[in-house]
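Listed after this line are the structures, all set down as structure tokens.
Each of the two complexes below includes subunit A, the first together with subunit B, the second together with subunit C.
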Partner chain A sequence: MPTITIDGKSLEVAKGTTLLEAAQQLGVYIPRYCYHPKLSIAGNCRMCLVEVEKAPKLMTACSTEAFEGMVVHTASDRVKAARRDVLEYLLINHPLDCPICDQAGECGLQDYYMDYSLAKSRFSQADKVRRQKRRAVGPQLVLDNERCILCTRCVRFCSEVTKTSELCVVERGDHSFIDLKEGKALDNDYTLNIADICPVGAFTSRDFRFKQRVWFLKKTPTVCLGCATGCLIEAHHNENTIYRLVPRPNAETNTWLCDPGRLTYKAVQAGDRLVKGVIKNGLIDLEPALREAAARIDEARAAVAVLGSPWLSVEDNAALALLAKDALKTGNYCFDFNTEQGIKDGILINKDPAPNTNGVKLVKAAHGGLSLEELSRRITSGQVKVVLAEARAAGFIKDALKAAAPRLIAFASNRGEIPAGSYATLPYASYFEVPGTFLNYQGLRRRTAPSVEAPEGVKPLWAVINKLAAYSGTSLRLDSADEALKGVRS
Partner chain B sequence: MISVKKVNNKPLNLLERIYLWEIARGLLVTTGHFFTNLFNPAGILTVPYPEKTIPLPGNAKFRTRHRLKLRSDGSPKCVACFLCQTACPAYCIHIEAAEYTENSVEKYPAVFDIDLSRCVVCGMCVEACPEDAIAMDTEELPGGALGRGELLLNKESLLRNLPGEPSLLGASNRLAGEYLKSRGER
Partner chain C sequence: MPFKFTEEFRARAEKICARYPRRDAALIPLLLEMQKEKGYIAEEGLDALALFLQIPYSRVKGVATFYTMFNHEPVGKYHLQVCRNISCHMAGSESLLGRLRGRLGIAEGETTRDGLFTLSAVECLGACGAAPVMQVNEKYFENLDEAKLDALLEELKHGRLPH
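Let's turn to the complex of A and B:
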């Protein structure tokens, strides 16, 4: 356990700790481009140079291990001069693209220039070395070699995290640039992370490109509902529109975020977003649709079947359970889903595409219910006249619905989800618009936070269920999502 | 230091307290203007704004209505960097960016709206612009419209520069021509 001194403060660190990590523990920030906590050490950007007493030259903090008795200075004049020189060197050939660069506002070069340099350029703009400008590499990314500072974070990401090794540095010395390996395309499931870790604007996202300047974006911490992994994310939005999702690195679940997960926000703003009810195939206003659905439920009462959904939050599932058990007093309800879970590709994507399979188990423990097979059997036998189900969960009882053809009342947020042959479809607010509790595959509680407002008239699902109950002559009297959770162990 | 000015309000004398004489004196001024305007319309002091405006003094550096400048190929200089929208204290600029597929400039404004009814004519947008693409030198004072719609400038009207000018290039060329003439280059 070596003890070292950084800027006059002593600290005992574990053997093998680098100076940069030790400084971080002390709260001393050392600027860096090539260093990333989850990638191997490259030591090529030279931005983290620090002064170590008795060492003849400045040392790179990211790759120097702490030894007993080391005395480190991170803000001496020599270090400051070195940072200024490294920045000048990186900026000699960096294009003046800031006005058209998406990275502007969260750019390593801009930030460090303001913090550590502020020097006038001694080189003329006309002398800058020109390189290949924007070029689409893969379905998600644009590469601009002129902006690259060759920190090789992207190369290391592809070889160490996804292990697909699509990128490499070609040529040598000041001719070198980042390129795709021959015959490869940058099309793995994690490419957008490269746009995140790129400290400059060399890699930018094609999806986010030119949509919004980053300084306008507001950030809401929430959860990705793309699969059972339940990655923590941040939704970046402005004026009621979500523009991108980025990961919130955490020790339990994720450092990165997969591309399909990043694009889940699209459904919220998609053109097929449901803001009205659908009866058979025709759109009608929400109120008449609710009344129609409620009338069908009222006719059937005990012959109604209710199916929970692993795509819905614990609250909304609990509201469905209360509707079946307390309001309709039917025994035909099912909260029994046992999809196989586990990380499919060794990084993040889960075998279970639904985000809340574990959360539904809580509702089942509190309210009981049939097994999925038993519910299918009852539907097939014809004793069920009306089925209430979330659109995607209706896929679990597809065959039974086809065989017996009961009236299906589905809950969906987008038109594309509506199952074939559904009698009525009622819209509900997405979990980017209302809060909801989810349990990921590790059993960790994940709560979504609303980042945008739901379209006018579209209510959270528990409120839709509450109205259905009231209109069908029974009553739930739910005033909030939390009330539905009564009796459910959280 | 607050400067204090002593005002000596004289009490009204008898003639003023009767009022009638003062009213007659006021009417005399009004009638005087009426007959001057009737027989000598050229001497009217007021201007029927906005149909007519008084030309601004030639050497005055006023901030007037915005315009977007053009490159020599006729495309707008603006690259939709949003800095004017960021700097605007009145939130009157609305931009939507789009991408050139061929051009090396890459980015251009598909929508560029300025709401003059909100604009406070502070000139921050001109200060902020890194491309020197927006200017407030049309010598046309915003205001005097019958509806809000007339005060909403879109990209086309900002590029046209002056009302009633037929081509997109016309006004920029005219302003550029005037500038060159003033420097004795044309």
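Let's turn to the complex of A and C:
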């Protein structure tokens, strides 16, 4: 356990700790471009140079191991001069693109220039090396080689995290640039992480490009519901529109975020978003749609079946259970989902595409219910006249629905989700709009936080269920999502 | 048709690999070997080499383009490489280069139509004491002047590489 001194403060660190990590433990920030905590050490950007007493030259803090008795200075004149010089070097050929660059506002070059340099360039703009700009390198990314500072984070990400090794640095010295095989696309499930870790505007997201200046974005910490992994994310939004999702790195679940997960926000503002009810195939105002659905439920009563859904929050599943048990007094309800859980690709994407299979188990423990097979059998036998189900979960009983053709009342947030042959469809607010509790594949509690408002009139699902119950004759008196949780251990 | 190593080359390459503790360490020796075959390394050759060494294509590409001595396009029978760094420059390499351009009718990086000569300006060849220097294929020609250069070109045109 070596003890070192950084800027006059002593600290004992574990063997193998680098100076940069040690400084971080002390709250001393050392600027860096190529260093990334989850990638191998490259030591090529030279931004993290620090002064170590008795060492003849400045050392790279990211790659120098702490040894007993080291005395480190991170703010000496030599270090400051080194940082200024490194920045001058990096900026020699950097284009003056900032006004049209998406990275502006969260750019490593801009930030460090303001913090450590503020020097005027000694090189003429006309002498800058020109390179290929706006090269679409895959379905998600655009590469601008002029802006690149060759930190190789992207190259290391592709070879170490996704292990697909698409990218490489070609040529040498002043000629070198990031490239990939001609005719090949940078196309794996994690490419948008490259836009995140790129400290400059060399890699930008095609989805986010030119949509919004980053300093206008508000940030809401929430959860990705793209699969059972339940990655922690941050939704970046402005004026009631979400523009992008980025990961919130954490030790338990995720450092990165997959591309499909990043694009889940699209459904919230998609053109097929449901803001009205659908009866058969016709759009109809929400109230009449609710009344129509309630009338069908009231007709059938005990012959109604209710299916929970691993795509819905614990609260909304609990509200569905209360609807079946307390309002309709039917035994035909099911919260039995046992999709296999586990990371499918060794990185983040789960075998289970639904985010809350584990959360539904809590509802099952509190309220019981039929197995999925038993519910399917009852539907197939014809004793069920009306089925209430969330659109995607209806897929679990697809065959039974097809065989017996009961009236299906589905809950959906987008038109594209509506199952074929559904009788009525009721819209509900997305979990980017209302809070909800989910349990990921590790059994960790994940709570979504609203970042935008639901379209006018569209209510959270528990409120839709509450209305359905009231309109069909028995009020559940739910005033909040939490009230539905009565009896559910969370 | 994807490029394939010949059985003969494969056997030779395996022997080179066996010289090193790790298979991928043979990357540069094998690139040199490939260059010896045809005078240059074709793009398809990089693919085949990556497959042979079981390393990603991107690594082969990175290494092959890092070293400027690897040619990526066919070169002429004689590859004239004139040093343009400081010692040779001061000893007149610039005018030698100009003379070659004029006599061969090509610019640096180009090959004559008859496939005999490729002209390149290269960085220091490490023979400053005998500047100006030109490397032809693997051989050095030192202390050049215009007369020596003309004589050399004449020899080469007749297919003779002087010793």
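In this text, the second predicted complex is superposed on the first by the 486 of 490 C-alpha atoms of A that agree within 3 Å, B and C clash if a C-alpha of one lies under 4 Å from a C-alpha of the other, contacts with A are read in each partner's own complex, and residues count from 1 in each chain.
By definition in this document, a contact is a pair of C-beta atoms (placed from the backbone, for glycine too) under 8 Å apart; a residue touches a chain by one contact, two chains touch by 3 or more.
The model shown is predicted, which means the values in this text are computed figures rather than measured ones.
Aligning the two structures on subunit A places subunit B and subunit C side by side, free of any clash. Put simply, the three-chain overlay gives an angle of 90° at subunit A, taking C-alpha centres for subunit B and subunit C and rounding to the nearest 10. Of the two partner chains placed around the shared chain by superposition, subunit B is the only one that A:P99 touches, whereas subunit C remains out of contact. Shared-chain residue A:D179: touches subunit C; no touch with subunit B. Within the superposed three-chain model, A:S159 lies in touch with subunit C and out of touch with subunit B [touch as defined at top]. Look at A:E417: by the touch rule set out above, it reaches neither subunit B nor subunit C.
Of the two partner chains, subunit C is the only one that A:E171 touches; subunit B does not reach it.
With both complexes placed on chain A, subunit A has more residues touched by C than by the other of subunit B and subunit C.
After superposing the two complexes on chain A, the closest approach between C-alpha atoms of subunit B and subunit C comes to 28 Å. In the complex of the two chains, the subunit A residues touching subunit B come out as 98-100, 104, 133-134, 209-211, 213, 215-216. Only residues 79-83, 86, 97-99, 104-107, 130-131 of subunit B touch subunit A when the two sit together in their complex. Those residues of subunit C that touch subunit A in the complex are listed here as 43, 56-59, 61-62, 65-68. Across the complex, subunit A meets subunit C through its residues 155, 158-159, 165-172, 176, 179-182.
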